[in-house]
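Here come two complexes built around chain A, the first alongside chain B, the second alongside chain C.
After this line comes the complex of A and B, so read on.
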């Protein structure tokens, strides 16, 4: 006989939370294994100076690695480059994405096809995208230089990846090409879900297109803008493969984001203690930035609430 | 709303032209990749570009997959990518489904916080995880094996899988399960016989996204494999140095790497975007 009383009695709360633990434990264990555990291991390693190639055990140096890193102009500059990359790429994607979303938010079967095609750059494996762009940017046979010349935008071929400014343009163009569609489609979903009454009321009152967009549409879009910015920021901080393949941090160290420099120090120079300290500092900065964004999001949207 | 003025029609036409120019420009790199893979080496580097009028050849693919010039079989790289993506997706679903069910249906304290913590693990920088995994896997002799990629990829995919499945399960009416619970069925039994079939579309979407993420991963594959478990994105990057600027072979490899994901993306359409926002945007 089913014991209905058992399902609602106070005893049951324990009986029912028991399966919850069992159902959740394996997933939580794997997540801990790949986040908290590495962070603790790294924190511990950051207190030692040791080289993987040298056979002797690490020497305890306390906060020595941190002092060295923060005193090194290289690391501080690479941090600045990383933040510049995150801010410029996300801003660029937001600006273009907003324009594209507005263009797509009209009615028409061709625009449904357009939105479907817009997804495709997102689906390109990032490293492959960087390889393709390197070919397209080649000054001798690249299509980009040829067509920019045809359009009269440049007079002679540009060796994009050989100068800092043009290398940055190339890197931002690649990132925006791949991820602007993601931002645009988030914003498009927002635009299509907006109530039409406020706009109709404003139109009756004789408001112009631009002021309606600025004072009615944009404020209502804020939750979607915040989500797009948050998700792109999280991803921009993870960028590795595309930069490694496109510029490898160059020319010089003009595009050397922290992910690349940690990779070099840890896995090419094998200075594990130094790399660990860099990783911990990076983790702290990323956490602070994303916490702030989450706070902004909590104020603006309830989508991630229950 | 109101009658269409000539200005409105003008704006509409301009908007159409602008959006299609943007779409065509953004498809150009993909077009370059696919067409170059069917060109012979001379045609590939031709300037002005030979956009349409080239005679297609399969030479690049033949060389890549079976020809004499391949020092490292590209087929093997693709096979490794498939194994790692499928295994990590299977594991993420096996671990994620019970977890998502608990978060959607079982009542317990701290549930919201736990769900948010699971979500927040996606923000963890992979570069911070890869160094300890490299050191520990190196000591344990796991470098260049499948598990050393499958376990991290499972962890990377889990938050997305759990959040997508949680919202899929929530859309199933709870009454069906409650009556089964009253009849004495176990939670796992309900999960298997009732939730699994009803949540199938959501599970499929989560699986596709999980494959997508694993397939495209680069940092861990680069760091933790050498040759036996090398995946295609890392392998194709080594092609450039191997062949110099042999763009024919490279673009054939690139097309093979991208094709399966491109097809999945076309099938998923805007659900791809919805999934990548953890269901925040429908």
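After this line comes the complex of A and C, so read on.
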């Protein structure tokens, strides 16, 4: 009998795998059509120099577009600006989000309302949020300078969007205002699901609140922190509308993130080959960053399985 | 909390792939959009109209025409006002699709790149045209055909020649060339024989004008105070030196009043401010000449940019935040009564409840003069199936009678007769002397250089202007840097620049 089983085993397995292939087929087809094929086309386009409107075909330039881009100090600087934006905004949102989550984790009806209100900024279209912020930040009739002056914090109105440092503060504040709640909610969910036994045991052993948070809560929260960071990082790399409306890359090009450059090259100058190459380079960097984060996530989510 | 043990363990390949795919999807959206945008209409099989004429009047009359138009930038309300009359006169319905500037530009280019026949009539802004000579229908064949064109309605001589040539007349294969054969009169035969074509009919002519608070300039107290300080009468500035004095005089931050707005934020508007001053200080306001020489990195360019920066940083006659202002914010700042003067593409109105009056003047002159101007035109999509009817429609919309009617909801006319009519038209009394000044500004205005990559050049220049305005760079350094970048951009096209 064991021999028979060994004989029919593989067939059986093959038979069982057919429905799986069938069930996967639509998803694979959609992915191929919507993601893989355009990605290959993007790669192909990046090897040509062509204008969308020219009737003649593009000129094959091989890696010429890549050489041009990597040789451009502007592009490299805009890349640095993008990375700086992603790292700063995600760190800021994580730090504030953690504090807010800890505050909200104490239960109570008032806090439930606060948690509800927290979601509101996320529901606002980024472009609309940026337009409103632009008006709020107007040094002549915006609320922000008005109240800062009323409170005596500043003497003269601050032209937020006119200097690199203040423009960055405005941009990061807008991003944190809109997306910190997202981080806070993920962390809040994590906090509420934590087992209480380790904390109780630590309390019995005489641990202080701070050391309990540092040595018990925080390590247990690691998987949630990693997930929040991962999702926010992916999202932060995509930031476009808020920057375009709030600063349009200014002052000068102090806030010119790569997405804005790609947009200008592709959709205002219609140099599709160059834009495709910029996109591919950006893709490589984003993929490396995301892979590292996924590796960290895989390591940390093991905690959940123990 | 726990996951089934059968789930993929650390380093599972699907995770990294998912990451890559996520990234790919994100970028494809960013980089590939234009190819897939726009109505999925099949390319029209109609060949571009030949000038010898294939009896376009025989084309069947369509039930409707689709028109793509701008929003506030080209005063869409004026078009809306005229549409019912057109529908009543012809029985053809106009489906108007109006979009704000950046969305419109993308739409126009995507439609034309996809050879879409969906829009029959498309509004074109001057800086786009050099790249579009092969997609926009040449009109000389229609203009000469009595079966399609009503010469009286067209009255082509009536268009302001300068506006007409700058906006609509191009050489198909060398779009950088400018026609200069018959500067005082629109002459279709001369245009054709010089190898040029007509690509549309101008509808909205924007130019920079000087807006000022009439009530302040006419106040006896202000006049006396000005005379005491400067030893001459307070008057609307006609030179840039006077402009500095008058702007300084009215700058009183404690009373929430400043001399003037500027459009120094990052965007096309900062370039327009600069090219206006460049011409004023004796340079060529086109910035890049017909031989692709960059003429902005010059003593005149440095003087112009120094003057601009001094208004903001030395004389401090502008309200806080001016270095992030667009034309829109410059307008709303003047409207809220914060400045005594303003320079903009449109007329201005003080906010309701504010006492005061507004009047207009031409931009001050220096060694030279040349306020920026740029005109929108109505063009026929060469892929449209209804080209003769689309031509008839644009001829009708840009006609003298229709433009005159459109004045009531504001239109910046492209015809001499409409400026004449505006002088006595009671419907435009509320605009004060705006039309008079706009007409005079157009007469001395300087347009943009004809470059297929003007968008790129524009961005390089506005970044330089903004950097100087915020004090991040000196005029000489900023212009030298911009000069090198513009040269590189021109070579990439490729234009024979050196």
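Here is the rule we go by: the second predicted complex is superposed on the first by the 267 of 306 C-alpha atoms of A that agree within 3 Å, B and C clash if a C-alpha of one lies under 4 Å from a C-alpha of the other, contacts with A are read in each partner's own complex, and residues count from 1 in each chain.
By definition in this document, a residue touches a chain if its C-beta (ideal position, glycine included) is under 8 Å from a C-beta of that chain, and two chains touch if they have at least 3 such contacts.
Just so you know, these numbers come straight off a predicted model, no measurement behind them.
K.L.:
Touching A:159 in the superposition: chain B (first), chain C (second), both, neither?
P.N.:
The second partner, chain C, only.
K.L.:
On the A-aligned overlay, A:262 touches which partner chain: chain B = first, chain C = second, or both, or neither?
P.N.:
A:262 sits against chain B and chain C alike.
K.L.:
Does the superposition put A:282 against chain B (first), chain C (second), both, or neither?
P.N.:
both
K.L.:
Using the superposition on chain A described above, determine whether A:272 touches chain B (first), chain C (second), both, or neither.
P.N.:
Once the two structures are laid over each other on A, A:272 reaches both partners.
K.L.:
Touching A:38 in the superposition: chain B (first), chain C (second), both, neither?
P.N.:
both
K.L.:
So, does A:141 touch the first partner chain B, the second partner chain C, both, or neither?
P.N.:
In the superposed model, A:141 contacts both chain B and chain C.
K.L.:
Applying the touch criterion given at the start, work out whether A:63 contacts chain B, chain C, both or neither, answering first, second, both or neither.
P.N.:
neither
K.L.:
What is the contact status of A:104 with respect to chain B (first) and chain C (second): first, second, both, or neither?
P.N.:
first
K.L.:
Between chain B (first) and chain C (second), which does A:238 come into contact with in this model arrangement: first, second, both, or neither?
P.N.:
In the superposition, A:238 touches chain B and chain C alike.
K.L.:
So which one touches more of the residues on chain A, chain B or chain C?
P.N.:
Here the partner covering more residues of chain A is B.
K.L.:
List the residues of chain A that touch chain B in one complex and chain C in the other.
P.N.:
31, 34-35, 38-39, 41-42, 45, 52, 140-141, 193, 234, 237-238, 240, 259, 262-263, 266-267, 272, 275-276, 279-280, 282-283, 286-287, 290, 301, 304
K.L.:
Chain A touches which residues of chain B in the complex?
P.N.:
1-2, 12, 15-16, 18-20, 22-23, 26-30, 32-33, 36, 45-49, 95-96, 98-99, 101-103, 106-109, 112, 114-116, 118-119, 121-129, 131-136, 151-152, 154-156, 158-159, 162, 181-184, 186-188, 212, 215-216, 218-219, 222-223, 232-234, 236-237, 240, 247, 250-251, 254, 257-258, 261-262, 264-266, 269-270, 272-274, 276-278, 280-282
K.L.:
In their shared complex, at which residues does chain C touch chain A?
P.N.:
1-3, 5, 9-12, 15-16, 18-28, 30-35, 102, 105-106, 109, 112-113, 131-132, 134-135, 256, 265-267, 319-324, 329, 333, 336, 338, 452-453, 455-456, 459, 463, 466-467, 470, 472-473, 485, 492
K.L.:
Name, in rising order, each residue of chain A that touches chain C in their complex.
P.N.:
These residues of chain A touch chain C: 31, 34-36, 38-39, 41-42, 45, 51-55, 68, 74, 138-141, 156-164, 167, 193, 234, 237-238, 240, 247-253, 259, 262-264, 266-272, 275-276, 278-280, 282-283, 286-287, 290-291, 293-295, 297-299, 301-302, 304-305.
K.L.:
Sort out for me which residues of chain A touch chain B in the complex.
P.N.:
For chain A paired with chain B, touching residues are 2, 4, 7, 13, 16-17, 19-20, 22-24, 26-28, 30-31, 33-35, 37-39, 41-42, 45, 52, 100, 103-104, 106, 108, 110-111, 114-129, 131-133, 135-136, 140-141, 143, 146, 177, 181-182, 185-186, 189-190, 193, 200, 203, 224, 227, 231, 234, 237-238, 240-241, 244-245, 258-259, 262-263, 266-267, 272, 275-276, 279-280, 282-283, 286-287, 290, 301, 303-304, 306.
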